[in-house]
Amino acid sequence: MSQKPLLEVENLRIDLSIGDTKFPAVQDVSFTIGRGETLGLVGESGCGKSITALALIGLLRHPLSIGGGIIRFDGREIQSLSPAQMRQLRGDRISMIFQEPMTALNPLSPVGRQIAEMFVLHKGASWRDAERQAVEALASVRVPAPERRVKDYPHQLSGGMRQRVMIAIALACSPDLLLADEPTTALDVTVQAEILDLIRDLCAERGTAVLMISHDLGLIANMCRRVGVMYAGRIVEERAAEDVFRAPSHPYTSGLVASLPLLGARARQGRHRLMEIAGVVPPVAAFPAGCRFHPRCRASTEICVAADPEVTLLPNGGSVRCHHHE
Amino acid sequence: MLSFIVRRLLQTIPIILAVALLIFVMFSVIPGTFASSMGDDGRGMLDAQVMERMNKEFGLADPVYVRFGKYIAQLAQLDLGMSFRTRQPVSSVLADRMWPTLQLSFAAMMFSIVIGVPLGFIAALRPGSIIDTVSMVGAVSGLSVPKFWLGLLMMYFFALQLGWLPSFGYGDGGLRYLTLPAVALGVAPLALLARTTRAAVLEIMNADFVRTARSKGMSEWRVVQWHLARNALVIVLTTIGLQFGTVIGQAVVIEKLFAWPGLGSLLVDSVTLRDIPVVQGAILLIVMFFLLVNTLVDVLCAIIDPRIKYT
Amino acid sequence: MKIRANLLIGGVLFATVILAGILAPLLAHTDPVMDANLMFAEEPPGGEFWFGTDAQGRDIYSRVLYGARISLTVGIVSQLINTVIGVCLGLSAGYWGGWWDDFVNGLTNLMLAIPSLIFALAIMAILTPGLTSLLIALGLTNWSFTCRLARASALSLKSQGYVQAAKVLGYGDIRIMLTQLLPNMLGPIIVIGTLGMGGAVLAEASLSFLGLGIRPPFPSWGSMLSDARDQITTAPWISVFPGLAIFMTVLGLNLLGDGLRDILDPQSRTRRA
């Protein structure tokens, strides 16, 4: 493995254009992912996780666009790639799984063909070969009777099965990086664990790095070594997963941790009320001045209203963006 | 598959019967019969005896429900009655007029499909471009222009001024005679198809599965070819089916303008002369044809879209 | 920006036609029916006769102005009848369900199976030609889209909390339909109504053109075109202005409908107008 990280994101900014005005939906976002590493991005909906992932794979569409910063994949800046070069990367070396397996697959096309497309596009396979490889790909995501399932249409499959098909598509070309955007949110709880195990196992086998996006801190902590917490378009805390749980630094992270139902020792101590963070994520066009979390923050003081907090490195690794970090 | 088609065809029978009943009842409440309307027409009063004889000859003296019963019984044997005017069987009158109307309607639909669908497609792929703006302004104009006026203007320019095409009539039924009426009739469905196609493509463009296709590294052309065209086709096909009905209805005006010897001009003439069996027969035939086309469209949609169950 | 262009152009066109209709007696140069003068038959446009004269020597400009009255009356009144029928049937069917819903559904399917111009023609066949008959024929034949829309909205709205609450409060069915359901489906209904008005203007012109609507000598744009056809070789201008008037009126209504749809019913771009 090379020393250079697989993916480096520096000061990424994503603009939302409304009329002639541009609002930064994502700002100053920096992180790196090494080969085979897993990074989790967590936060409430509307905080910019999904569009960050879309920016990485080059699928932002109007009114969203990259407004600044650098995305370096395997040493190359992807903004400098031509559309054709970007297409070669997409699907082959970076791929993505979406939240809704119901709508993410074409309803009028058999799932086998939708997998086979990957081999035709990136491996130059003939359709006949590609269809054969699609059966193997379905088998690898543990779909029973794959040779029959390839002929099925998406509506004939359950949600969990559809998401397995999505995973088969995403991992068909053994990419270097998988972007998983809330891959289990739309699924039954019982299926969620299976799908997560599948992603973890298959990516480990292939040495595929994962950027896992979820609003569920528990899930992220389970899957990922490191966690970035996003709020209102910024990463407010980035730490090793166990540190985030043990000693969250940012008040928003503390709120997320406190809102998790507790199992094990602390749960047995008595009934804990589930905490929730009051209020909602502000819309992009109305991000508050100063610290963007201050209107919802219990610890906020004058400085939080007046000044934007800088990134502070924490002593035992990680960083936080808060005036009053613990 | 076959049983699906048969079932869909059987489902149209109640509608056809209902239309037959509706038309029958409507024309049974006409104040005055054909015989008395002939008197009105100023061709000299028919005396009471003649009227009575005619009423008897056409079975008009019976009460309405008896007449409807008889009518349906005859209908089941494909006997549509006899024309009041020419005393020929209605079915043979209709048979003579059916082909020109089908010819005209198909030609108009082909014209509108061949131009309208690609136009809507291109417009949707370049939203906001000049071609999009021009074709959408053209489309709303096409929907607004009265087609007989358009026909009249085309008749003036292309037939009378330039002399490229015959101004009216069926002639040998060839393309030269067909062009002007078919274009005049096809402009409105063309406009509607362009708009529908554009809207359908734009909607599918934003669908999640198109984003998935892009995430696979497909070029835009591949996305259109592999994932967009078929999905848009389902919506476009449905519109085409519905437009067929409108086109056959509107053909009445165009046939009259261009003296095209089809069902439409027959219908107008028969309405003016109160030749009711012919009017009933022509309407029934038009409705049946429309239902047939829509059944065909349903079957095609079911072939393309696996989510539609064969029930 | 596009929204405003639609609404603006459509509104101006429609307002022009309305003004022309209302002010016809002031703007017209001659009486549209009586002032025939064979001395001036088939005069080309220009001079005293802005749009020229027809075969009977009547001033086409004045006749086109008066024609606006007929077109607008038919368009507005018949579409109002359609809307009332469609809303009453669709709303009640969606709200009550059961056999009534089945019946209304069947009726709608029946209406959709008969091309509306053919149906209107059949009705005109049993009535005496004239304005009232036209209003009936066009008012009874184009309510199926409104009906379907009202039914679908009523079905989806009736399970909403506030409708349930109104039921619990003991509101009567009619009151719930009128005060809770109707206001929430008004937007799309207005859109369909506006576009349908354009359709009604076209249908009136078609029927009059066929000699089954407004009969000559009254100045309907459609019947004027029917007369003009005979003079197309000698006096083509007779055909131009009545057709242009229909085109402008319908274009105005269609643009207005599109513009209103962008505002009132933004989700329904694929729904057929």
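When the chains are written out, they are named A, B and C in that same order, and each has its own residue count from 1.
Note that in this section contacts are C-beta pairs under 8 Å (C-beta built on N, C-alpha and C of every residue); 3 or more make two chains touch, one makes a residue touch a chain.
The UniProt protein names, listed by chain, are A = ABC transporter ATP-binding protein; B = Glutathione transport system permease protein GsiC; C = ABC transporter permease.
What you see is a predicted model; the values in this text were computed from it and never measured.
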Labels of chains that are neighbours to chain A and to chain B: none
Chain whose Cα centroid lies at the greatest distance from that of chain C: A
Approximate Å spacing (C-alpha centroids) for the pair chain A, chain C: 54
Chain B-chain C separation of Cα centroids, rounded to whole Å: 21
Chain C - residues contacting chain B, complex: 106, 109-110, 112-118, 121-126, 198, 202, 205-206, 209-212, 222, 225, 228-229, 232-233, 236, 239-240, 242-243, 246-247, 250-251, 253-255, 258, 269-270, 272-273
Touch list for chain A against partner chain B, complex: 57, 59, 84, 87-92, 95-96, 98, 100, 103-109, 117-118, 121-122, 153, 155-156, 166, 169
Residue numbers on chain B that touch chain C, as the complex places them: 15, 18-19, 22-23, 26-27, 29-30, 140-141, 143-146, 148-150, 152-153, 155-156, 160, 192, 196, 199-200, 202-203, 235, 239, 242, 245-246, 248-250, 252-253, 256-257, 267-268, 271-272, 274, 279, 283, 286-287, 290-291
Touching residues (chain side chain B, partner chain A) in the complex: 207-209, 211-219, 222, 226-227, 230-231, 234, 304-307
